[in-house]
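Every chain is named by a letter (A, B, C and D) in the order it is written, and numbering of its residues begins at 1.
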Amino acid sequence: MKRVYVNEQWCLGCHLCEYNCAFANSGEADMVKALKGKPIYPRIKVEGTELVNFAVSCRHCTDPMCVKSCIAGALSKHDGAVCIDHSKCVGCFTCILVCPYGALSQGETGAIQKCELCLENACGEPACVKGCPNGAIVYEERDTL
Amino acid sequence: MSVDFIYPEFEVVRNDSRCIACRVCERQCANEVHSFDPKQGSILSDERKCVNCQRCVSLCPTRALKIVKSNCTLRENANWKDDTIKEVYKQAASGGVLLSSMGNPKEFPVYWDKILINASQVTNPSIDPLREPMETRVFLGKKPDRITRDQNGNIRCKLPPQLELSMPVMFSAMSYGSISYNAHASLARAATELGICYNTGEGGLHEDFYAYGPNTIVQVASGRFGVHKDYLDAGAAIEIKMGQGAKPGIGGHLPGAKIIGDVSRTRMVPEGSDAISPAPHHDIYSIEDLRQLVYSLKEATQYQKPIIVKVAAVHNIAAIASGVARSGADIIAIDGFRGGTGAAPTRIRDNVGIPIELALAAVDQRLRDEGIRNNVSLVAGGSIRCASDVVKAIALGADACYIATAALLALGCHLCRTCQSGKCNWGIATQRPELVKRLNPDMGAQRLVNLLTAWKHEIKELLGGMGINSIEALKGNRLMLRGIGLNEKELEILGISHAGE
Amino acid sequence: MKLEGQVRIPSGCAIAAAISRDGKRMTGEMIANAMKPMHDRSNGLGGGFAGYGIYPEYKDFYALHMFFDCRTTRKDCEVFLKEHFEIVKSEIMPTRKIPAITDEPVIWRYFVAPLQSVLHAQQLDEEEFVARTVMKINTEHPGAYVFSSGKNMGTFKAVGFPEDVGVFYRLDEYEGYSWTAHGRYPTNTPGWWGGAHPFSLLDWSIVHNGEISSYDANRRFIEMFGYQCTLQTDTEVITYIMDYLLRRQGLTLEEAASVVAAPFWSTIEDKPPAERETLMYLRTVFPGLLITGPFSVVFGFRGGLMALNDRLKLRSMVVGEKDDMVYIASEEAAIRTMAPDAENIWAPAGGEPVIIRVKDGVVV
Amino acid sequence: MKQYVIIGNGVAAAGCIEGIRSVDSEGAITVVSKENHAVYCRPLISYYLQGKTDLQRMNYRSSDFYETMNCRVLYGKEAIKIDSAANHVLLNDGTTLPCDRVCIATGSSPFVPAFAGLETVEKKFSFMTIDDTLALEQAVNANSHVLIVGAGLIGLKCAEGLRDRVASITVCDLADRILSSILDKECAAVMQKHLEENGIRFMLGDSAERFEGNTAVMKSGKRVVFDVLVLAVGVRANTDLAKALGAEVNRGIIVDSHMQTTSPHIYAAGDCTEGEDISLGKRRVLALLPNAYMQGHCAGVNMAGGSAVFNKAIAMNSIGFFGLHAMTAGCYFSGEEGGEMYEQTGDGTLKRLFTKDGLLTGFILIGNVDRAGIYTSLIREKTNLDTIDFEMLKKVTTMAAFSGKSRREKLGGVV
């Protein structure tokens, strides 16, 4: 299954992926309208140090702890992707507690949000990948380690 | 001096109604033009530091930024132009030689733009490259004068060493040091994928790039940096750099600050020492000395590699080329006065040398007149900007072209012409790791491949239009060219007729 | 208006050729008639023929066919000729006055042999000497033009339709084992006889239909070797290329064909190793002699003909046979005129040379 | 074709069904459900009261779950005996279910101490099931004064759920702090303050001793008048079936890392079990939803002949009240036990990390819980803290604290 991977050798820490993500999931057609003057709630987050940067988003684990731990049955796997049913999420954050990558976070509404590979939004392909200026974020098939 | 005589050249225009304060501009500007003001929640810009490299403009996700030329003007003066006056201010302040980068930006004639290409109509069919084979392969190197046969009457097929190219374009010399590791990686990988060559410049060959040897031209310049036996053996050809179009008669100077780590090791220059390439090769004070170096290099590599001699286009270039053609060199590369550089004295860059179009035409004709054109291949460089420039150069008589500025543009260069600062925001002309990483060679190589693939298509279209289906039938085919707005002398030198003739 | 030579004039054409492999001689009437059905491929601005084996009585002498613009030019030129050659015979070219051919120049022919003393002084072989001298006359003697210079062969050309040119030159009175013919459709009207085809040098003659796009690349390459393309015609440059490759580089006809109509690289790569190596080599060594753009040519030489199309076959050309005869023409109709029952008619592939030689043992 | 019987119909049972079906798509699965509900998310009952969910959305799986999984559910039935010799399960209606493999997923039941006078209380409830919740919902109104006995997770979630529906809520607990099973004193105080700010009244170190109608008489002698009583003292694992079978039972049914009980072919999963807490290094009942699912899944796989191991159980809780979140995991060893603690406090946030022998053993986060799972994984994976930049990680949860190599392995591959 294709997943989003970040090659930290090329990640510039520019944070554009966060903005592209927030925009893609905003439902707005214009980035300014979507993001100007408010905090953003991206599903991918840039982390790093002075020397190295990388962006983290959902790994879509083969055996996802978050899905197993969700007390509301709001998380599930569909065709390999871990998806969230926002209407079921009550915001208990158990998934945040169990995700080893820190890939889930609280969204604007208080419910959980996570990368769903832009399969559900208008972008259609991961906006972070499409917008990465340095090709650091890729959407590809990789072998199991 | 407390008074700054020079008003900033550019204005950073930020459309506040579009800026979302994502701070990408701030993070991406190595010149520290942009800064975030937490109090206002907005971004400030200090245009004095701006070099107009357009990095922030390109990365701004909401297109809230543009850089424009400042319209703060000195009183108009047709003689004392703005730039001229500002250069006086700069020198009055610094007492130093002015430095510049990339090619001559002045308004000299661009002959490529005054030459038009022919196409077939009625009497001769044009050829559709999508339907018919269209060949762009070239071999650079000396061609034998005579066919010889063995005792059975078969042709002896031993050729002098040749450089085979899938299309008549190569990436010209840019040293590791003047450009980054990732820029080199991009060039090396693209050259390999394209079946052409790139050129190490005088920076040596990084150990990681020996793998690209069959598509590498290794350069031997006056500083001899990075030259050793394995280096010479690694390349597909060896280039002796006698001169550079951007700075004929001038050597090179890579400041010690850039001689660090791998650059130092690759150049074989101690860390922190300036790498100074002398103006002349100190073992070449005349043409016969050049012949010695040519043959030394041939000896060192068992006569397996073609030797390129690169010269700047200067006034008596035809005579120089004639001498080089008899020196044992296999290929002559001529670099016109608009060729780029990582750093050159401004006065030299803007005033020394001649245009490649005239130099190429003069050299090709001279070598033909002397019957020695087949002794050498000719490579033309110094601002070959597009496929039609390539076609025109080939028709004037070049075997192939060198491109560098166009390649850098493909990698992201926006021709801000401040390579000498070492703060290239595009990760090209810099050694700062955080900047170098901005050029991902996966993308860089792909963009270069795209560029030349596109050019190749265009070359084929132009060839097909002329009714030609192989690039060698274009070489020196000046009948395919016409001048426009050129005077008799220019037409004579170019060896072409005027449009309408 | 500029004359041919001062300016390059593209043209379309008709060509035809016939050869007897047995060396049987035939009059030029047949080949002249063969041009009739291809009348519309010419426009009356040039026609010509080359015949091989037509001067058996002078077979050891170079037959120089020359145009002069006036008697004075001829006199001056003859002085020059005498300085270089022993002239064994000089005569006015026999012609017929016909209404279709007018404004003819002064046409003479000379049978000559190079002066041994001059040859020796210039350290040249005979053919090279003759070639250079011809080129010298054509470039340095305004008004004089050598249009044929081989042994036991001759070219005949004029401004007019080819069938009329044949009548004009009385070709019915010549007998040769091999003939080529040309009708021209130039795109302007310089009306100069020298511009008509065939073009010949020494024993080589070329009739050509096409307009080669590589012209100037070929011209500038070949001019490095002492040739001067005074006419700026394809035919001229192709002749020089063939002379250079065959006589000066010693290539075989097949090898020469693989230079001027070189196989595509992809084709070369599919060949067996030895052939591949040779083809690679020839294409790499003589890139400037690759001829592109449309052409069909019949190249005449002593004892044979070679027909060749450009590698894309952008011009028509068919070949047919009957008994010992081989016919070549732009159109099958021309072949049928010469031999109504011709067999094995085929269109050679682009770049595939068709070489016909008289049989071994036949002396021509 | 194998016959599977799952006793219980909670999340562990759902895990067990999915576990079986991941290996065996044929075998017959029968679920014995005491409650008349399809599997639902028990912890959501407080959110139901808050109006954050409804009965429909509380379903753990989609409505076609049992159908898709091809299993039979017997609602309103109880298993009263497992006859392992005869390979069947006996139900309370006298029927028997043939079985090859059994999973006991009976969960736990509220523990109700024997308060004197409890029978005099008119409106008293436990807070475990949908039925409890619906009954409680019926019993309260805007004028109700609610007394909740027990300041543990259940009691406090109940308090949160009821707050906007009633006039007052008092929570009492014999312990001197709230959430005593998961928070230490200081952390409990932070959370208690927040709850008090949100209108919950506490009586700690004190508890009801007896009831007189609508009045609770406290140990301290204080009297609390209420309308509605919620008993949330604690829960007990339902282990009777296992005990009767002769399987080893402690506070819960003892299971190994394959979720097998000490009786052959009998598995157990969920709140009724007792397994190893790897952060503690001892067995304990870990009545947590994630555990229940994972155990159930593991049991299911093994029952169907596959091979699964669940050996990374730790105690962990993510719990929030009125917008303040707390996350806890693992064990908090004190100094005497050889543990160390790192603390970071901030504006409304508190972080405590507990380490021992170069390992992170537990943590408490209040307020800022971003990326807490990174800490959890350190406990679960028993990551040697020397191999990471723990100093960085103490301050901020980030993958940057891992070595480049291990980070690239974690983020760059398929996991």
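We take it that a contact is a pair of C-beta atoms (placed from the backbone, for glycine too) under 8 Å apart; a residue touches a chain by one contact, two chains touch by 3 or more.
Just so it is clear, the structure is predicted and the values come from calculations on it, not from any experiment.
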Neighbouring chains common to subunit A and subunit D, by label: none
Compared with subunit C, which chain's mean CA position is the farthest off? D
Could you please state the distance in Å, as a whole number, between where the Cα atoms of subunit A are centred and where those of subunit C are centred? 77
Could you tell me the distance, in whole angstrom, between the mean C-alpha positions of subunit A and subunit B? 43
Taking each chain's centre as the mean of its CA atoms, subunit C sits from subunit D at a distance in Å of 103
Take the average of all CA coordinates in subunit B, do the same for subunit D, and state the distance between these two points in whole angstrom. 69
Sequence positions of subunit A contacting 2 or more other chains: none
Multi-chain contact sites of subunit C, meaning residues that touch two or more partners: none
Residues in subunit B with touches to at least two other chains are numbered none
Linking chains that touch, what shape results: line, ring, star, complete or other? line
Contact pairs between chains, per stated definition: A-B, A-D, B-C
Interfacial residue positions of subunit B with respect to subunit A in the complex: 17-20, 22-24, 27-28, 58-59, 61-62, 64, 434, 437-440, 442-443
Please output the residues of subunit D touching subunit A within their complex, sorted ascending. 15, 41, 43-44, 47, 52-53, 57-61, 289-290, 293-294, 297, 316-320, 325, 327, 329, 369-374, 376-377, 380-381, 392, 397-400, 404, 407-415
Provide the residue numbers of subunit B that touch subunit C in the complex, in ascending order. 120, 123-125, 127, 132-133, 135, 137-139, 143-144, 146-147, 149, 154-155, 157, 159, 162, 368, 371, 373-374, 397, 466-470, 472-480
Where on subunit A is subunit B touching in the complex? 9-10, 12-16, 19-20, 23, 31-32, 35-37, 131, 133-136
Counting only contacts in the complex, subunit A reaches subunit D at residues 3, 5-8, 47-49, 52, 54, 56, 59, 61-62, 65, 68-69, 71-73, 87-88, 90-102, 104-105, 142-145
